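There are two complexes below, and they share chain A, which is joined by chain B in the first and by chain C in the second.
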Partner chain A sequence: MPPALRDLQAAFAAQLVGRDSADLASAVVGDSIPADARLRVYRHHVGHSLGAALAATFPTVQALVGDDFFQAMARAFVAREPPTQPVLAEYGVEFPAFVAGYEPAQGLPYLADVARLDWALNVAFHSPATRRLAAADLAAVAVERLPSLTVGLSDGAALIGSKYPIDRIWHASQPGTSTDAVDLAAGRADLLVLRRADDAFFVTLAAGEAAFVAVLIDGNALELAAAAGLQADAAFDLSMAFARLLGLQAFAALQQDGDRKVVKAS
Partner chain B sequence: MTKTRIAIASALAAALVLPVAAQAQGNTEKCYGISKAGKNDCQTATSSCAGTSKKDAQGDAWLSVPKGACEKIVGGKLTAAKG
Partner chain C sequence: MKPVAGIGLRSPHLAEIGRDRPATGFLEIHAENYLGGSTAFLTIERLRADYEFSVHAVGLSLGSVDGLDEAHLARVAALVKRLEPACVSDHLSWSVHDGRYFNDLLPLPYTEEALDVVARNIERLQEALGRQVSIENPSCYLGFAHSTLSEPEFLAELVRRSGCGLLFDVNNIVVTAHNLRLDPRDWLSGLPGGAITEYHLAGHAVNDCDGQAILIDDHGSRVGDEVWTLFDDVIRRYGVRPTLVEWDSDIPELAVLLDEAARAGRMIQAAGADAARAA
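So, the complex of A and B:
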């Protein structure tokens, strides 16, 4: 009796990521090309396509380790975390964690953080360009109400912190850059990844700014965020930091009560 | 309002009137058809990101250039050509 379709599909899916089964091979007709060689064509193609997709999503990781190392790491990742949905640009959310635990990459302790940065840039790039908070929008808010205001980050924005200077590592890894040595002892970097009109980018935040943004991300009011900024850096300048973030269009537009009514009515 | 709260309120209000360099957008434009292979900025219609164009002056690969500069460059176009 031939295997049930469901079993055949499961065996085929397993074969694609590296698990051979004799039952599957025996269910495939092989004449001039043997059955297991036919099946390997599919495995190779899937591995190659997903490896290329990961390379496009994690270009800085690839630049740091080189094509061969990257593809070997990508194959190992694909075998462990095959895609669960069809959009290739959304494939690889688990890759940074995988890189962190990937034994051959342990000599590059910052590699997983660079992968997180690449992923955040990818997410920001594919996020919708929704309305941002402008300084003019806040002019309508009474000054005494500003401290209790909660402002959220714009769509696609992310705060990426690392013990390593991943901003400098990123810049040194860009195509065509003269590769000045990056001093790992330069210490931590806090980066804010943002979407802009045509692409995604990041800025490096000072310690106080990073603490300020982190508290806002958790949904807290500006007052609490200001306190956190001061705690992280005694020289934290709230006005400069808030103006900088507004200028970067880092915040989402305020939720209008009117908008909510419209949603309810529809 | 406590003293701290007043200080925070006025610092936030001050931020609204500080002149800020337009960092997020505004002073650059996408210029198509002028980038060297593999040196394009993010992104083309058929590949996802920077440094992935395959040939010189690929019509759908662009570089970010200062506004107004694109039309002064040989082959520079403000819109993408197919493939």
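So, the complex of A and C:
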């Protein structure tokens, strides 16, 4: 009795993740190349191609640990969290958390944060090009309303904080960079990941700026965000920080209603 | 689309093509690489002014017994609507089972049951896109003992039932024929040549498998001599069509890829001229 297609695909899928089945092998024509060797071609390709997809999304992690280590880690991840849809640029959201718990990587405590940075850069790169807030847009907002103004971050923007200097680690692991040792004691880094015309990038924020952005990301008004900035750093300068972020095109355009600007005020 | 030779558009070449607009017949993209609204997609949209496009999907999993992933199908349909490509295609294979995506073109048994499944999935795809799609013969590393149809018979029946076109990958049949001990010219004689809408060309690797040579469809080198020879036979037998050169691993300088496409273009011209003389 030949296998039903449903059963055949179930057995084949199990074989791809390492569970061999005598029934499946007996359904395959073998000759001088036996059936199980033929099946292994597919298993090998699936593992290799998904590992390559993860390496493309997490290039800094791969550069830090080397290809062999990365591929072993990727295989373990794929076994636990296989892709559920075919757009591989969207595969790997759980990878940073997996790296954090991956026993062989425990000697690299910053690795999971670097993975979060790689993921954020990947998300920013694939985010849509929506309109950004420009200085001219603010001219229409009455000065007395500015404190209660809510400005969202642009699509794809993310704030990545780490106890480790992952900005320096990232730069040191870029291809063609002379590998100066990074002092892990250099302390925490707060990075703002953004999309720009043709790629994604990040800037390092001062502590006050990071606190300011963190409150804005949660949908709070400028006034509250500014207070958080000051609390984090007494030297926080709201107008300088705001001008810097505006120049980076970090904010989404204000919501529009026809020609009239509707400014969300809390 | 005219019977010209084009190239598979890969991200390392995107900036150069956007800047220099080199001459080539058309550009083919993998649908799954342009579904996220990235800057790369905007570059593609700008290139539409200068190039015809073809959309090649790799993840619709037309052979899945559970049917198509409707969410993914909707995204591919939206891409096709925006790009209005000359040709849309995917493979005679499956890659999804029980919600897991395997990123490979997995083989089907060529049975009546599989025929029903694939024909139904193609019909659903054509309905969602509102157009004909073409189905590509996959590279195979194994065959199933319970297959009752040959691959060309299976493809011919899909054409008859669903009205789909065929994307004939010349490299894939060289790979499959070697691995499954078939004669590529026998295989070809069973194919409904009139349904072919596009040809694919690519390089393959020769690997060792338990001491035996097995051909691997890695798209990682220049097109092999055997593939060029068979391509010349095919276009003289079934006629010239838009022809794509693909290169997906160890991607070379753009000039190398364009050179391969130019060679295909010269063969198309020669075959076309000979056919016109004979007519």
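Convention: the second predicted complex is superposed on the first by the 254 of 266 C-alpha atoms of A that agree within 3 Å, B and C clash if a C-alpha of one lies under 4 Å from a C-alpha of the other, contacts with A are read in each partner's own complex, and residues count from 1 in each chain.
The working rule: contacts are C-beta pairs under 8 Å (C-beta built on N, C-alpha and C of every residue); 3 or more make two chains touch, one makes a residue touch a chain.
Since the model is a prediction, treat every value here as computed from it, not as a measurement.
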Which of chain B and chain C A:16 touches, first, second, both or neither: second
First, second, both or neither for A:223, with chain B first and chain C second: first
Chain B versus chain C, judged by how many residues of chain A each one touches: C
Contacts of A:249 with chain B and chain C, given as first, second, both or neither: first
Partner chain in contact with A:144 - chain B first, chain C second, else both or neither: first
Which of chain B and chain C A:89 touches, first, second, both or neither: both
Touching partner for A:41 - first (chain B), second (chain C), both, neither: second
First (chain B), second (chain C), both or neither touched by A:207: neither
First (chain B), second (chain C), both or neither touched by A:79: neither
Chain B and chain C contact sites that coincide on chain A, given as residue numbers: 89, 125, 197-199
Interface residues, chain A side, partner chain B - complex: 56-57, 59, 89, 122, 125, 132, 135, 138-139, 143-144, 146-147, 174-176, 194, 196-200, 203, 222-223, 226, 238-244, 246-249
For the chain A and chain C complex, residues of the former touching the latter: 2-6, 8-10, 12-13, 16, 26-29, 31-35, 37-39, 41-42, 45-46, 49-50, 53, 82-90, 125-129, 195, 197-199
Footprint of chain A on chain B - complex, ascending: 1, 5, 8-18, 20-25, 30, 38-39, 41-43, 47-52, 64
Chain A partner contacts - residues on chain C that touch it in the complex: 15, 32-33, 35-39, 42-43, 58-61, 64-66, 69, 71-72, 75, 94-104, 106-109, 111, 113-114, 117, 141-146, 179-181, 209-210, 212, 214, 216
